[in-house]
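In what follows, chain A forms one complex with chain B and a second complex with chain C.
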Partner chain A sequence: MYWLSSDNSDTTGGDCEKEERGMYEKHVSKGHLPYCYLKVRLDFEDDADIDIIIFKHIVIQAVQSLFGEAVSCTPIDVLKYRQTNREAILRVSSSYFTKLWASLTWYSSYNEQSCAFRVLQVSSHLMALAANSRQLSLA
Partner chain B sequence: MDLNMVAEEPDTLFSRLKIAEKLGYDMVAINHVVEDMALSASASKKEKKKKIVIPHPDKVKVDDAKLRTNNINVSGRPFKQCSRLSTIITDPSAAHRLHSPEVQQYDLIAVQPTSEKTFLLACKTLNVDIITIDVTQKLSFQIKRSLLNLAMERGLFFEIQYSPAIRDNSLRKYTISNAHQLVLMCKGKNVILTSGCKRPIELRGPLDVANLGVMFGLTEAQAKAAVSTNCRAVLYHAEARRLTKSTIGVEKISLPITVDAANVKQNDVSEEPKQKKAKIDDSCLLEHKEAVT
Partner chain C sequence: MAAPMKHATPVGKIVFEKSNFNDKKSRHLQHITDHYFNYSVETMLPGCGILPLDIQMPLTEVEAFVSYMVPLAQIIRPDFLEGFVRRGKLHILSHGTQIDTQDCAALLPTGMLILNLTKDSYEQLGIEGKVANFGDRKTCKYVIEINVKDPTFVPGKKLYERIKRCLTEHLNLKFDFLLTWGPEDEKVSSASVQYYFQCNGFVCNRLPIRRKQREYVDLAVPVISSDNPTGEAECCCDSMEFYEWLGACATDVDLSATSLDSYTSSYTCPSPREQKDRCVTWVCRGMLTCDSIIDVLTKLRQIVQKMDLPWVNLTVHGFMDSPVSWGQREHSFYHNGDNLYTFVIFPNNDYWLYSAIGSKDICI
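Moving on, here comes the complex of A and B:
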């Protein structure tokens, strides 16, 4: 038997155990991974200066305005934030992933400046956000 | 695909197209809105003139867009546009206007019923492709499953617009509840999600929209279909609508690209209803032969 125990703990602990014993494969799925990661960019119609604290505030505000207190208290982490183009990597538990995404989509204005969240990449593996296969170009 | 890009405010239209292309849309319908058919029919000639705005001026935009460097998508497919006319029908007697040739020359036709009567008419008899459900206010009529089934059998699609809700937060409530109701009634089939945006910032990416569909109660597969396959089905339905009056559709194929063009033509046509297909194929072949000789 060939056992492939899919290591579902997190992406960073990535040693897959492989033992070759025969011609069959067994995949074990343990359901969802605990977290989902989103790479988002906040676009403004006019330029605006947003630092990480305000950015986090905006995200929480977006969730709160659509789903209220109950959902906005779930941990939403900004793992990385680049202020020059307002790009960020968000982490949320995968059961709230759809809700977070939806509230980002509905979000439309901050301080009466219209803005929009552009979701660039979505993955349950943080590593997958390192490269974007859609932006690769053949030289 | 996004099948509703309002044609008003032409200066922002180009930037909207550009954004749409960037976000990953490969097809956009530019929507010309006629407020009321009855008005344009009876009263002033001015209104009538307004109605007969031909889609081709909009299409001129394509070349312009092509010239811009970012035209070619990652997937390599070119960005396409089509024309769409939408109207609100309040009076059943004025609905026959929709069958006039200047309306039918649009790629897509959408109607927005306002009462039970017109909704029945739209589902049952009108020669259109899309039925727009105005989700931004309380529905003035009840959506009945029997009518929806009727419309589905005819291959009509129901449209939910999301941009109004993005523009104004207070409209969100009705949008969500009405969309829920519609999705519940038609079991998630024959729904398309469109933008109806007036500014580039109101546009959202196709996957974002699909995710919204999940919030409206669609399953993930249905939500994805609502921005992709269903839109394509609308286009095929529209093509079938335009061909029903004739038995043979003949199109000119430019001579220089003889073999390829003929082949492509056949591929395009093969999605249409079967009885027409054979004939159209024949005509293509005929032209193909001419081209070769």
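Moving on, here comes the complex of A and C:
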């Protein structure tokens, strides 16, 4: 057969022995969760130096150009921003998520420089954006 | 923008459970063992400056492999079924194909071979399956389930011969496979499966396990109480706000820079909170086995008591393109391919368990 010998020892641990205590509770979310999170990247045809303040300004400009001035009352948070590749994590209320995504898709130029938002990952859990198995490197 | 879109499809679902490890009906082990394909494990220890070495051991010892362009017919060969599928826990998952638009395959340790196929592939293959729960008419997908561990699934029997014919003559499906094998016999090495593929002329390499450690100094940590997940009492924080904060730490959001009047972000650490001198987080990525995660959980339970920590957490992310999430529950990618869970472990053996899934996945 193809079996090779093993030199690994058993590493399974033991369990604690205590009396049963506490009550079981289960909550299942229904409908929308409060926020949606988007991991996005802003790509320019030519390289551009964009800091977090300008980036936030661009996001608001994108929404404003498609849906108008009323945007100012909707908070969009830039939770994280990496200036080297202009990658950011945005947080928005679930009910405005579709409009934000649409606005980012439509946005195409900043200061007469062609650019595009790439939506890399979307989730209603911030934790989910911590890992992306599609980026698994095999080498 | 003023009018919100309240009827748009939700992006995800979350299930929160509170229980105790010593509760006889606690399903924490089942929850881990049913989640077959694990991509990333992350743990956070508040109030701890150095990561204990024994937490890392179980995960770094996992032997996972990647084998390229393997025909599906290869994994139903009698020598493979007898040598590996029926003699240990074999996890196989296709890699590099996206489940929303392409063919994907997985072999579960229970012996179920799951094929998630596009309409074209399904019709060419000719094995009976069912329409997937996901997708619309345009992106219709089909799911085929075959129990290859069944004692009657052997050469000479009608079902075996028909499936073999379909996989070799009708449509020769080939995948890059990620795999792990936990042999029943301790004297046998899990690297035998790599040797098998190499002997059969396939490239089969060890899948590297990537590790990353982050240390925090003077971090504000929310105060939580295992008995009060809803945060009704003002002395502790709500479990959902706490989960968001854990996510902010995991995604490396700079929590020190943000304040309520900040232009870029209004997010802050939830209240009430306490300052911790040192915190450490550790991430491990690759293809990780359920048994190694159980070992880590056991060690974390000992550490939270021994080091007198307020809590520790363990987050496991599944593969986005896995055809199953928990057990044989169908999984796919709609807005996202979320299938992850987080344990928050308390010193009194209570735990909180968050399971996050995509909007069209079936709840656990």
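The criterion applied here is as follows: the second predicted complex is superposed on the first by the 105 of 139 C-alpha atoms of A that agree within 3 Å, B and C clash if a C-alpha of one lies under 4 Å from a C-alpha of the other, contacts with A are read in each partner's own complex, and residues count from 1 in each chain.
The criterion applied here is as follows: a contact is a pair of C-beta atoms (placed from the backbone, for glycine too) under 8 Å apart; a residue touches a chain by one contact, two chains touch by 3 or more.
The model shown is predicted, which means the values in this text are computed figures rather than measured ones.
Legend: residue contacts after superposition of the two complexes on their common chain; A:Ser65 is shown touching chain B, with no touch to chain C. In the superposed model, A:Ala128 lies in contact with chain C only, and not with chain B. Applying the stated contact rule after C-alpha superposition, one finds that A:Glu45 touches chain B and leaves chain C untouched. Of the two partner chains placed around the shared chain by superposition, chain B and chain C are both touched by A:Thr98. Among chain B and chain C, the chain that touches a larger number of residues in chain A is C.
In the superposition on chain A, contact of A:Cys115 is made with chain B only, not with chain C.
Chain A residues in contact with chain B (one complex) as well as with chain C (other complex) are 98-99, 122, 134. On chain C, the positions that touch chain A within their shared complex are 1-2, 4-6, 8, 10-26, 39-40, 42, 57-58, 61, 66, 79, 83, 95, 98, 183, 186-193, 195-196, 199, 205, 207-208, 210, 226-227, 229, 240, 243-244, 246-248, 250-254, 263-267, 283, 285-286, 291, 294-295, 298-299, 301-302, 315, 317-321, 335-338, 340, 342, 348-350, 354, 356, 363. By the touch criterion given at the top, residues 1-8, 10-29, 31-37, 52-53, 56, 63, 67-68, 70-71, 73-75, 77-81, 89, 91, 93-99, 121-134, 136-139 of chain A touch chain C in their complex. Listing the residues of chain A that touch chain B in their complex gives 43, 45, 65-66, 98-99, 101-102, 104-106, 108, 114-116, 118-119, 122, 134-135.
Looking at the complex, you find that chain B touches chain A at residues 23, 74, 165-167, 169, 172, 199, 201-205, 207-209, 211-212, 214-215.
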